[in-house]
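Next come two complexes, and both contain chain A; in the first it sits with chain B, in the second with chain C.
Moving on to the complex of A and B:
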């Protein structure tokens, strides 16, 4: 038989556990309410929209259309092009931003005169509003009197001006160039912070052992930077997949559909064709694809135990 | 506290309450005299222009019962913002409005019919008669949009280049193509015509389409923009870029800024636009070097161009419809209209009394534009026009210019979008 003292101690532990659960929940409730309001509700609303045909100014005429919007995706020839463009856009932009950021971080980590000032100036592209970046690059890449054409022709690389934003093969890469330029400082700053956290003794020990600069980078710098690189890359993938400001201003998704990405297509369907149901459906599909890619990416990270490091 | 003390406290409280009620009542009567607030939205091509702010101050000063509060929204976002604000119940009472959106908003019952208010409006006889149609869905139907400022497209050309090349200003499609070909020298980055395939290019395109004999809709309102005649005219327009190469290589994505910049910089010899750019063009190139012509026609006996109206509407959800109409009808009176048309916004006045003023009749750019009003054709009031002008035209025109789709495919897509 259990002693009464032991059972009463257990009950009081249970009560305490109950109490310890209530207070944090109470304290968290404002944040939870906020999350429900600004994250859960819009997601639920978007899912609801994707099953309806919404007449935005006449909500009374809104119809439930079951899977019609999803069936519409299969018949939409533009969605396939937008999907391909989105993959090229995300992969291309993130890879080049990461490489550029890595080089930038390694340079900014070295000692040189005026380093503090250069570190500050390097952030300018990241701090510049997207609209300004888009307009600046639009004029620099202009096909009639753009600076880029002028320099390339004067350097003898081109024989005549190229309409970078008006050719199907160059429009998306041109916008990607602008985004890479804008995003490199973000990677550089993140990686610089990680670089500065690597203990100096490791480099010193490697140098004493006679390791070449490449071997130091390959076996010390890179492995210790990897967790930051991978997490930053994941964040950047999500942002880049949703980012459409530059494309919208520089090419509007054109010429034709050459630089149209999934979010821009969803925006056009919702706000220009006023087909909010179909716009929401495209957005849901993008979320599903992105979530799938991120889960696969995280699994890959775990399997390599990079996260643990 | 004794009984007397309690009584004193109660009396004091009652006194305070009475005083508050008295003052509140007084404030209430002051509130009753507060002016009716009319929220008005507009875009301005040049948002730094002080003209509109001065007009609002003038109106508010002369109409003590009404206070107009306005909000500037860029044209590119105007439609989206308006739709979402109206859906959220926070839309304006009245606003500047394009004929492009009329069909869509009337279908959604978002606009107030203005027939009764216009019948009582003193200025109605002064409006150029056929311009009332730009605010209607059918000729016999009610007016939803007060005509205010309109534009007709014409052709700018470099007089100096034409003289040097011994060319006459073109009156027909054939003359136009011949001149554009002669003035094109791609090695010097010089082209005959600034074709606008990017944002907003649909107005320029429609001007050439109708001048070539194509129509958006027939007399019964049926969409005929994909008719064989229209396909032929559209092919001619596409060939300016693809076959004859008289437009810059950047034409598929060139928007207003690029087309204007190319004409100002001496890259192009001709540009189709409206009176709104006349000051910028002549300031840069000099009045002597710039000429202006009606859009050349396929058949000179049947001239045509595109007109688009920027009018004013009262929204159906407004609770201040009468005051809102007072303001938008005042904007269409002689003095405010002359101030607007004479400003940097520089569009054509819809009033006969204003159009007769010397500053319009003696200005070549205004004169050619106003002459164009006699044969100009506007966008039809179909629900799909908003989508066509915002995206469908641009995407399909660019695909046609790049040879990805045929002229027929492009017009089929536009016909489909118009009929949504």
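Moving on to the complex of A and C:
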């Protein structure tokens, strides 16, 4: 299909190239069809939705409303709360996952019998369904019969049981705890792989020079881990910002709006208020904010020359 | 002599105490879920929390099977996950073979584009997809979920499989060509057997993804016809009287296939997972 356009100059090469397109196209077409149909087209449709007012039960009443949905966004009092919660959610979760993952990777990197088995076990939360994570932690954080309350009271840290998921100040942190639990293994495994790529002689040389374990960590391990830490952090930030399963199941964004994040707000606008146009608008703005944050993050990295590429 | 044994003991403490703490944190929720599931209701709601049931019982599991639609949810989940595995694996293998073995222009950009699709929030896609599925008339049927799950599992599976195929030397392809194999035969008799562990890992990833997936399953299903386990468990949690013994029993059963498959191929899965982010 492409060959006729370039056939004049390099007839034979153009022809061959035209033919070598056939096989890749054939092999890739199922994947491309799925991605275009189930990802690209819906994105276009979401943009279209954001300029329309949709009556979900009467599609014939769909109306073009120009920027009304975007204007509504500016006047939505809940958006500000959701945005704040989203920032707390993303930053808090990713920081603790990263620190926990680093500690975990350093522990798992030691030599001990049964290491492969332990490594597998340690990654299990990553493979656990979000519903199950929500279920286990809702039960452990229960205000009447929860294990966490029981242990904290027995340790003398709390004087009485707290309904962690039902009071505004603790609902979001409680869900964050569950998400940190689920996400630490992912960080740990990524960092462990990076740790194992560091040549052993570097550590040996430092030890021979009499460097303390802390200095070895500070001047050898950490700098060499940094690229992986930064990439994983970025992937995790994107993923965490979009992740709403846990909050939806554990608190439903409540009590009040105390644990509502942006994607959850978008979802509820569409399915509870049946305002698909406005829901899509929030989702698009979320993507725009996230994309902006990522570009800023990458630019920051480049200006500090942390990433060599 | 004594000093040496003391030092060894200290070394063991330094190793096993952090390791034990780490494993406790990771596994405690699972252990607690299991203990809860074998408690009789009378021991579940007591003033002081009991760490081990006085009379362990599997009554919760029996009640779960007999009084709730749990088995139907499980069947739906099985149908969706296995079909997704079949569809996504074939699609991803074809794409990965192409990325690994056939030179063509724009390969890097395309492979990158595959991964970028992973970054869009599900909430952005789920709203229009709901409308699309509705106009296709497949809302509340397994095909809606199979289609969605396959699509979202393909990019990462392709990425993983491309890595595993790339690890197989091209000289083997050439040798097979000289022996008179065509492309399909090379794939069937050279690449596939040699990358079997990688294929198993990709398959496990697809299965886990589909078995666990929540938002699309919640949005595209309305009743027993297509509801999967995660959505089923969530509706149990939303019911007015939460039966924690039944719920945790359901959780244990839901987790079993995941943990089993995961432990089976964890080595390859970890290799595939970390291949992209860690550059030596």
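What we mean here is this: the second predicted complex is superposed on the first by the 268 of 309 C-alpha atoms of A that agree within 3 Å, B and C clash if a C-alpha of one lies under 4 Å from a C-alpha of the other, contacts with A are read in each partner's own complex, and residues count from 1 in each chain.
We take it that contacts are C-beta pairs under 8 Å (C-beta built on N, C-alpha and C of every residue); 3 or more make two chains touch, one makes a residue touch a chain.
Here the structure is a predicted model, which means the values were calculated and not measured.
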Q: After lining both complexes up on chain A, report clash or fit for chain B versus chain C.
A: clash
(Q) Just to be sure I read the superposition right, which of the two partners does A:256 touch: chain B = first, chain C = second, or both, or neither? (A) first
Q: Based on the superposed arrangement, let me know which partner A:283 touches: chain B (first), chain C (second), both, or neither?
A: second
Q: Decide which partner touches more residues of chain A, taking chain B and chain C as the two options.
A: C
Q) A:58 contacts which: chain B (first), chain C (second), both, neither? A) first
(Q) Looking at A:145 after the superposition, I want to know if it touches chain B, chain C, both of them or none. Which is it: first, second, both, neither? (A) both
Q) Which of the two partners, first being chain B and second being chain C, lies in contact with A:22: first, second, both, or neither? A) neither
Q: Could you tell me if A:121 is touching chain B, chain C, both of them or neither one (first, second, both, neither)?
A: second
Q. Looking at the overlay, what does A:273 touch: chain B (first), chain C (second), both, or neither?
A. first
Q.
So in the superposed three-chain picture, is A:42 touching just chain B, just chain C, both, or none of them (first/second/both/neither)?
A. second
Q: For A:189, decide between first (touching chain B), second (touching chain C), both and neither.
A: second
Q. Which one of 75-83, 129-137, 147-155 or 255-263 is the stretch of chain C that crashes into chain B?
A. 129-137
Q. Once the complexes are superposed, what residues of chain A are shared between the chain B interface and the chain C interface?
A. 144-145, 271
Q: Would you tell me which residues of chain A are touching chain C in their complex?
A: 20-21, 23-24, 27-28, 30-31, 34-35, 37-39, 41-43, 45-46, 49, 103-104, 107-108, 110, 112, 116, 118-125, 127-140, 144-147, 150, 181, 184-185, 189-190, 192-194, 197, 227-228, 231-232, 235, 238, 241-242, 244-245, 249, 263-264, 266-267, 270-271, 276, 279-280, 283-284, 286-287, 290
Q. Which residues of chain B touch chain A in the complex?
A. 79-80, 83-84, 86-87, 104-105, 108-110, 186-187, 189, 197-199, 248-254, 258, 261-262, 265, 267, 386-387, 390-392, 394-396, 398-399, 401-402, 404, 417, 420
Q) Of all residues in chain A, which touch chain B in the complex? A) 55-59, 142-145, 160-163, 165-168, 171, 251-257, 260, 268, 271-274
Q.
If we count contacts the way the header does, which residues on chain C are in touch with chain A in the complex?
A. 15-16, 18-19, 22-23, 25-27, 29-30, 32-33, 36, 44-46, 48-49, 90-92, 94-95, 97-98, 102-104, 110, 114, 117, 119-129, 131-132, 147-148, 150-152, 154-155, 158, 183, 208, 211-212, 214-215, 219, 229-231, 233-234, 237, 244, 247-248, 251, 254-255, 258-259, 262-263, 266-267, 270, 273-274, 277-280
